[in-house]
Structures are given as C-alpha cells and as structure tokens.
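Chains: A, B, C, D, E and F, in written order; residue numbering restarts at 1 for each.
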C-alpha cells in the first residue's frame, strides 16, 4: 500500500491511465465525428424540415418530446430484460397489449421502407 | 449372487437402506412441517373463510373441486411437455384457444398482486 | 498438376467417382422405389379419386395447381429461414397475418386426423 | 478402392441381427409414442436414437457416441458428464406449480414412502451380484424419474447408463399399464371413493419462499442432491418470483426442449446391440419393473397406514402418485378415481405426492451417490 | 507503457491492405444480403465475421479464432469439430415438408444426377494437384449445401475450411444468377413450358414412416452420412410425428437460429486475409463455380434423358433444382417456368429434386469421407 | 456406513456461520429483486446461486463450481473462459436502438468521460496494493457493465472474479440509490431544468451502417475490445439489417435468457464464504462504490465543461447516464429531470450517453487487458 505502487517496472499508472482515457475519448470522438458527417455524406435532408417545424412551433415540439419519450419508454419496456417484467411478460401472453400494437405499427413502418438503399 | 452380497466391507446394505429411507423421510418430513407452520408465521388468514364456505356448503364445494380439477388439468396441459402435444401446440398457433384465455386470466391475477410482500 | 494425379496409390479417381455416383443413385433409387411401393402396401386409395377428377377436368386441375403452388409458397415462407425475412417476421408480430391463418388451418387439419394409424 | 472395399465400407456388411432387434425396438418406441401417447417427447428421440445407434459404423471412423471426436460423442458428453439432467430439472422447476403440495403437506410423505422402491431394488441388485455402485444406479430406476436415473448412473455406473435410462423411461411410459392393477389389488372400493377436501388457496408469498427453504433443507440434509435439486428449485424460483418470467419462460421452453432432444437422442444412440443386449441389461429391466411395483405398493400401503392415525382419511390411491413419473402417475390416479366415482377429482391432490416424489428420489440419489461414489 | 507501445497494441499498426480487401468483401456480403436478399441469414453473419476476423489481433493475445483459449476459438470449435452442421440439419429436417417428394418419386433421381458436380469437381481438384482429402472437400461444394460442405471439410481438410465454406455459401447465394443461363442453354422453349401433373395428396402415415425408412436406407448404404442424415431425418420425424411438435418447433427456431449465428460468424472470422487470400483459395473459387455449373447441367440433362423413356414428360427445368441450395434453386426453377408460361407453377414440383439433392449430397459426403478420411 | 458417517456426509456437519452470512446475502438479493425490482434478471439467479454455493459440499465430491468435473464446474467454465459475456453482448446489441445516439453525437462524449471512474479506481487499487492485473479488473467495476467486468476479470484476475462480479451487479442494481445525491450535489436547479432539443429522425441506412463503422473504429483503436464489441455490434447489425430479424429475435430472447441464467447462477455459486469473505473482497466493494461515484461525477462535470463551449446547453444530468448500467441510469436521469420539471423528458436523450458508456467501458476493458494481460 502506498504511492510507490503507482510506478512499477514497465508500468507508470498515471501516464497509462491518461493514455487509456485518451484512447476511450479518441474512439468515441471519432465515432461522434463519423456520426455527424455521415448524414451529409448520405445527403439526408429529411431531418431539416422537422427541425424547422420544432423551432417555429414550441408546443408541437413539446408534444413531440412527449411522444418521443413515450416511444423510448416503449422501446425499453419491449426490448430490455430489466425489472419491468410484468409488462414484458404481458406483451407475450396478452394480445390486446398496447406495446404489441406499437410493435405492429413499428413493423408497418419498417415494411413501408423495405429497401433502405433506395429512399 | 446371494445374501452374502448384502454385507460387504464398509457397506451393510440393509442398515444403509434403512438410513437412506430415513434421510428421505426426514427431509420431506421437515419440508412438510415447514409448510404447515409457514402460513401461521405469515399470519395468512385468507385461507380460513374458504374452508368455512366449503364445510357449510358441499355442493359448491363439489363445483369448486371440479373447477380446481380443471385448473390443474389446464396447468398440466399448458406447462408439462407430455403427450398432450396437439393441445400444447394449439396454444401456440391458435389465438382463440381457451388455454390462452386462462393464461391471460392467470396473468391478470398475478398482476393484481404485484408485490407479494405487501398484501 | 496433371492427369497422373488421378491415379494415386490406393485411389483410382475415375473408378472411385463412378462408384460414388453409383452409391448416390443407388440410395436415392431405393428410396424412390420404396416411396412408390409404400402407398400400395398401406393400401391408400384416397389418392385415386383426385387423379380421376384432375384428368376429366383440366381447369379445376389448373386451379388446384395454383392452390398447391400457393400452399408451397406459404410453406416456404413460414418454415424456411431464407430471405423473406420481413414476412417471416411479420408472422411473429402481426396477428392478422394471412400466413398465421394458414398455419391455423394446417393445425386444424392435423387435429382432425389425430391418430394416423386408424384412418 | 474397388467394389469390395466399397461394400466393406457399407453398413449392410456389418449389420448383425442383434442390431435389427434394437432397430425394431426403436421403431416400437416411436410407434407407442405416436399411437399411445406414451411420453412421446422422450420415446420419439430415444427411439430414433436407438435406430441411429444400431447402424453399424465404419471401423475406426468417428461416427458412434463411443468414437471419441465424433459429433454424437460430443452430444453424448452432456449425458456422461451429467450436464443434461440438471438442465432438464431447471426447466421442470420452471413449469411445476407446487401449490397443491403447499396446501396439503400431509401428502408429501407419500412421495417419501414410494422411495422404498429405490432401496429395495438396490438390495435386490446387490443380491443378484451387481457391484454397490451399479446396484445404486439400478435402484434409482424406482425413483421413476428419468433425469435423476441418468444423472446417478452417469456418476456411479456409466457402463450401465444405457439400459438404466431405457428401463427408466420405458416404465415411466408404461405407468398407465403398470400401476392400475396394483392400485386395485391393494385398495378397497370404499377406499378408492374417498373424497379429498378441496385445498386452501396458497399465497404468492408462500410460493416464492418455498423453493428457497426447500432447497436449504434438502441441500443441508443430503448435499449430494444439490446439483439436481438446486436446479429444480432455481427454476421454480424463476417461475414464482414474477420478476423473472422471461427467464422461466425460456427455461421451460427453448432450453428444456433443446436438452430433451439431445439427451433423448444420444441416450438412444448409446444402445448399440453389441454392448446393450446383455444378460445384465435383462436383469436391469426385471429389477426396474420390480422397483416400479414396489414403489407403487409402498406409496399405497403407507397411505393406508397414515389413515389409521388420521381423522380426515386420505384416498390411498394417491399413494401411487408418490412414484413421481410426473405427471403420468397423477393422471392414472385421477383416472382410476373417476372410474369409481365420476364426481371424485383426484388429479390436483395427486400432484402433491407426485412432485414430492421427485424431491424424494433426488434426495435418495444424493444419498446413494455420496455413500457409494468413489472420490 | 509509452505512446509507442500503445500504438503497437493498436490494430492500425498491423493492418495490411489484404485485410482491407477482406473487410470490403465482408461489407459486400452484407450489402448483397440486405439489398438483393441473397441468403441473408448466412451472408450477414459471415460478412460481419469476415470484418471481425480481419481486424489485426494483438500478438499473442487470445482474440482470433486461431488463438487457443480465445472466445472466438471456442465458438469456432463447433465448426472444427463438425458439431454445428448436424444441428442445422436437425432444424432443416424439422422445417422440411417431404410430401412433394413423396408424391413424385421419379423426381428424386434428379437430385442424384446433380451430384455429378461433386465428383467431377473432385477429379478436377485432383488434376490441379490438391491432395485426395482436399479434393474431396472441394468437390462437395458442388453439393450446394453449406452445412454439408463445412462438415466434410472439417473432417477431411480443415486447412481449407474457410475458402470452401465461403465459396459454397457465395455460390448458393448467387444461384439466381448462376443457374438461369444454363437452364436456357440446355432446354428448348417447348421443354420449359411442360406442365407437371398436380401430385396426389400424401397421407400422414407416409410422412411419418418416411424419415425412418429413408434414414435406414442411407445409413446402411453409406454409414458416413449417418451424422448429417441422422439429424436431418430425426428433425423431420419430430415435425411429422405430431406428438413432438414443441421439440420440432424449438429445433427449427431457437436452436437453428443460435447455431446459424455462431456458425456464420465464426466461419467468417476464420478468413484472415494472411491465410485466406492464397492461390489455393482462388483455385477453390474457380472449382466451386465450375461445380455449380456442372451440377445444374447434370440435373437438366438427366431430366431430358429420363424423358426419352417416360410417357409423362418431366419439365427439364426441374433438373436444375437437384443442386439443392434449398429452397433458392427451386425458386429459380419456378421463376424461369413462370416467365415462359404464367400458368405453369413449378415451385412445388421443384421442391422434390431440391430436397432429394440435400440427401444426395449428404450421401456423397459420406462416401468421400469414409473413402478418403485418415482413421 | 454408520450414523456418524451419514452425519459427516450431511451439509449441517460442515456449515460454518460464514456460509450462513452468505446465504442471508443471497436471500437479500432475491428479496431486493422481487420487492424493489432492482435488476431482477440478474439478482435472482445470482442470489439463488449464492445460496447453492454456500451449502457445504461433501469432501472430494464433484459438487461445487470449483470441483473439476462437477456439473456446476462445467457451467462455470462459460464464466472462466469469458464465453458468456460476449454472448450476452450479442443479445444486448440485438435489443439496443442506437438511434438516439446517432441523432445526438455530442452526448457520446459523456459516455467517454464517465470512464474516468475506471482508471481512477485502477489507480486506487494499485495504491491499496493490488497487483496491476487485479487493479485493472477492479477498475472496470467503474464501467458499470456486468458482462464487461466479468469478461475482464476472467482474463486478468480470475481469483477475484466472484467479488468483482457481485460488486458490479450490486452497484448496478443500486444505481437508483447511488446516483441521485451526486446528481443534486453537482448540478444547480437551473441546469437540471434545461430542455434538450428533440432529436432529428435517423434513417434506416444510418442505423445499418453504424454497427459496421463503429466496430471498425473501436477494433482498430483497441483490438482488445474486439470480442465484446464485435458481438455487440454484430447483434445490432442483425437487428437493424431487417433481413435477419429472426436471428436478432433469438439472440435477444432465448439465447440471452439461457446465458443470463447460467452466468448469474454460476457466478453466484462461485461465492463460497471461505474464499469470498476476505479483506480483499471488502476492499473491492469499497473501491467499487467509489468507482460508481467517480464515474457519475465525471460524467456530470464533463457535461458542465462542455456547456462552457456550447451554445445549445446540455442538461448536465445526462452526464450521469454515461456510467451505462443500461438502462437504469438513463431512467434515473429521466426521473430526476421530471422531478424538477414535469414537462422535461430526458429518458430518450439519456440513452445516448448510456449506450456510449457501454462502448466506452468495453474500449477501456480492451486497453487494460492488452496492456496488463500476461501473454
């Protein structure tokens, strides 16, 4: 026990930790940059109108937020093997479950855009 | 072949068997005692009214028997990988299946009493 | 590289290949013969009326063809883990799916003739 | 590579009539499973496995379960190492509802009494000259529990695993044939029409606590039963805890199905006539039949003994359900009861000794293993 | 632990352009799977595996499928030991309906004829200087059956498993591209519009007995095919027996899915550029392409030969389905048939040679294995 | 075989009070899982495993996870060889929707910042006298990612795997208790009520390309993270590709369930009091708690630093979600945000740093492994 442990033959703990954090940041930073650039590469402009809408109209923006929050909650409920068992389970057994309905909607969407390369 | 086989170095088959049966009985007896005591420990009194009802009213008791028998049959059909395949299987493919309905009811019950520790 | 490779100690490639093809043909030929004979062994005559019908009436025969083709397509869609993912998947999430209905019909059929040994 | 060597590499060249006998037995298993609905989920895989296992493999080629490095050898490892049975118990635990047992503790003892079949068969096997390890493995057939029998014989007498497993599953499948005569022999009509009081409702709390406490009791009394009962009660906790339903669901469906397929098939494939059709195997089948008879009798008679001391009489037919063979023997009890009195529904009551019998034979297996195993 | 050592521990430091080539191939597989729907359930896992396998691992660290003790090494064991393919066959058996084959036995022979591709490719590989074991493994690409190809090469020539597996799956995915030209080349319009008589209905009994008898025939003729065909027909029996539907269901869903994920991924991850991009691999791809052409041709021509003797003519397009690559080649036949005559539905008839082709190539694999394997 | 030897073969004879302590801890885990809904899918299996692991096994009998040849030993191999964690990552990838992260790249950095907890804990562990390997394994607890922690400790310090795994999962379960105070401590009300702009919609194309590119970046920077991230992004590709939905479905259901059952149970069963209740374990629990606090703080403070440079301010609460512990910490952020302003829905935004934190800690694990592992 003691600070001498931090510098051992072939390992300078502080320098190593700095470099380690550097790699973690580096990796995620590159991913972040890639994510920022990709849409432009793909020339996706379907995002802009939406942002305009939300800026001009806050209330609808709030509604949107609520909807999105709900959507995320649904996503977590449906997909994550976490504590919300009764619900996850219900979505197996119970056919009237709202989650299932949402799931159906989701499937419909993804069916609309079958081949992601030509839209 | 012969009785001499029953007493071998380090093994008296008869004594051993007696002790073996003793352990089996011992274990299950302790479990039985535990089961008998637990409800009192948990001070569960929701069971009493029912017993009263059945004692005063035999016909309803019979009906109850029938219902419980059906319930058990359902339980076996749904859960046990035994010969009743066509049914088990039906409960997969066929949405109008009565078993499924019962399953739904079951799920409703267990949803009513979410946290078993505070009822 | 060269033809000398085709005859190596303990292996005459051409003779071996001929015998190999022979075994493949032999095996499948015996299976084919067995399949041809089995119905007579089982004295199945439910097939005849149908053949008569189709011979006397070609249009219905065509319809039948169409139906059978559809049935096979359904079978492939439902059972084979091939490219038709969106559909296979639909049949999980979506309860109104036609494939599911067909599945239900199929199950009904097989339920009608529970014990194949006494019909 | 001439015609002769091709012929010598074929199966026909090496097929013996003993193999044919086994193949017919395999087909018989499948036939019984399909037409009589006898334990089809086990008899179909075992039956087809028997057929596969009796196609004479090519000398030295890694084909059979006994040829190290073959695919079937790797699938069979799950049997030899005793891995499949506990996984099946996990699934069984996740599909078993202990509430009838919780609501009627008295009936548990019937599940203990039936284990007399295990120990008397053990003694009988010793008498017939089997080694103590072998005798223990044969005795457990009386537990009427396939996974338990396979697990114990893989640990005590792997050389007898094939016949013991086949005997256990055959007689489990034949429970509807074996038990009724014994039930009529040892019970009077008056006894068979005894009605049981409908049990009280069991609270969720009791159901959740049960697997934990029951495991602690069994584990501390017979640690040798830890592997099987640990998994059984673990599966049951996953089922009852309500917060792990998705795990319980997978355990009682995908998981148990996959393991059942592999276990049944590879156990069947291990029954090559040359090693399987021996005098020992015949003795094992006789002893196995005896063990089922003794176990059934033991359960019934113990119920009658209990009745000497109880005000509220037990229907002695329930004793026959102590043999486990879940849920078949419970069904048989129910059927016999109905035949006597169409208003007498014993199925649910019979489930209590039935599941208790599973625990009982697992404890017995633990005791036999820890006492007879070479460590 | 200075910057340099960090750099040396990174992947960029060791990335060679050959790895980049492979990574691009992997991405191409995924692209084709998504946009063209070519065997996506295999090309996506293989494609991503190729990408993973071509990230340069750190010297001596247990990362790649070849580094003993690494996780990928353990997943790859299922490939090297030949365990995954039979399990996939179990699932395929549980999803295959043999009734079209049962109702039209003549068409089975087309599935045999197509295996000429296997043996001619075997001879071609020998000619090009491969060892007999390697030649046998390469030949089986003509079977157009991924699991069979992987199984046989893991037994005969594990060193070539990567290229053989990739070739087999690539050409199976490309069946819609490879076969049509050959079909047009060897058939006349008059032949392509031949209608097939709608087949008779097959009884449940026939369906149940079939897997058992078929296995006995194949197993006794070529025991080497026991592992693959035992599982295929076992799965089919689970499906048809009607009393084991839940087992069949698990076999054709959870089980086959899990195995497909692990097999595809680890096969892909085994294609490290340094060992994969060799002259041998290129030869294997050329031989593989040839084998598909030969197999398709063989099937079609044999159908035309049969027509010389048959009153009821067979549509020779069906011969192309004998290559198996289930169910793609059957679909291709159907599509080509429809193009000629919109009222000609060949899909169902094509399934007969299609599944027969699976059995045929498994027998061929068994023969090659037993004759060429070193035991 | 007298009474005494029977007693000596029982568990009571060898039960120490330390075992009782562990058994009570196991029961506590199950109680918390059921009543408080803390990570029940892990605490229930681990809790029951702890109970099973603390039943004293019989001397020399193959019962415990440490007794070679026992069933539990074979189940535990999946932990020791590091096989279970990547398979769980495969399932997590197949259930994770990265779109919120794709729509808000800035938030990714919060997932990087939280990894400061890993490296400061690493330093702290060294300071307290742990070996570098052990310190690395302990540090990763700060990653708040169970599978990553188990994977790295199985590779670096298997002797500490038990305490590290239990600590990691305990604190992950306690996230709703640990994080809020820190969040209030380091943020002002004004900061907590910051609304985030609703993110743009992400195209399917972006979602499909992401796992491939992200894997290439991480794999090339830190090949040591290849095993975990390869599986994570593979699973995600199966989910997003749309043509492999059935594989993704099996990966995120049957497969992850089975692996979770086996991993949780066998990790729990490895905590025998005699080896588990040591001074080292207590230190590990203290260090683990510290690492969660540091990680949470790191994430929050970095968010505040970013705000110094950003026009559109980030709600610093989101920094706490960088700890991963998916999706609990995101839920906590959402709950705290709602308490301040019932119209502020942070859940979806919090998912971005949350999943980024998973990637971040996997990279950190890769770096620690490649630098500290003995090869």
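As a working rule, contacts are C-beta pairs under 8 Å (C-beta built on N, C-alpha and C of every residue); 3 or more make two chains touch, one makes a residue touch a chain.
No experiment lies behind these values; they were computed from the predicted model shown.
Farthest chain from chain B, judged by C-alpha centroids: E. Of all the chains, the one whose CA centre sits at the greatest distance from that of chain C is F. Centroids built from CA atoms put chain D at 37 Å from chain C. Centre to centre, using the average C-alpha position, chain D and chain E are separated by 40 Å. Distance between chain centres (mean CA atoms), chain A to chain B: 45 Å. Chain D has residues 1, 6, 33-34, 37, 40-41, 208, 221-222, 242-244, 246, 249, 253-254, 257, 260, 371 in contact with two or more other chains.
Chain contacts: chain B has residues 11, 16, 19, 23, 81, 83, 85-86, 89, 95, 110, 114, 116-117 touching two or more partner chains. Interface of chain C with chain E (complex): residues 1-3, 5-6, 8, 11, 13-14, 16-17, 19-21, 23-36, 38-39, 42, 44, 46-47, 50-51, 54, 61-62, 64-66, 68-69, 71-73, 75-76, 79-85, 110, 113-114, 116-117. Within the complex formed with chain B, the chain D residues making contact are 33, 37-41, 95-97, 100-102, 105-106, 108-109, 111-113, 115-116, 118-120, 122-123, 126-129, 132, 135, 195, 197-201, 203-206, 208-210, 213-214, 217-218, 221-222, 242, 252, 256-257, 260, 326-328, 331, 334, 343, 345, 347-348, 351, 356, 359-360, 363-364, 367-368, 371-372. Residues 81-83, 86, 90, 155, 208, 212, 215-216, 219-224, 226-227, 230, 233-234, 237-238, 241-244, 246-247, 249-251, 253-255, 369-371, 373, 375 of chain D are the ones that touch chain F when the two sit in their complex. By the touch rule above, chain D contacts chain E in their complex via residues 1, 6, 9-12, 15, 23, 27, 30, 33-34, 37, 40-41, 44-45, 48-49, 51-52, 55-63, 69-72, 74-75, 253-254, 257-258, 260-261, 265.
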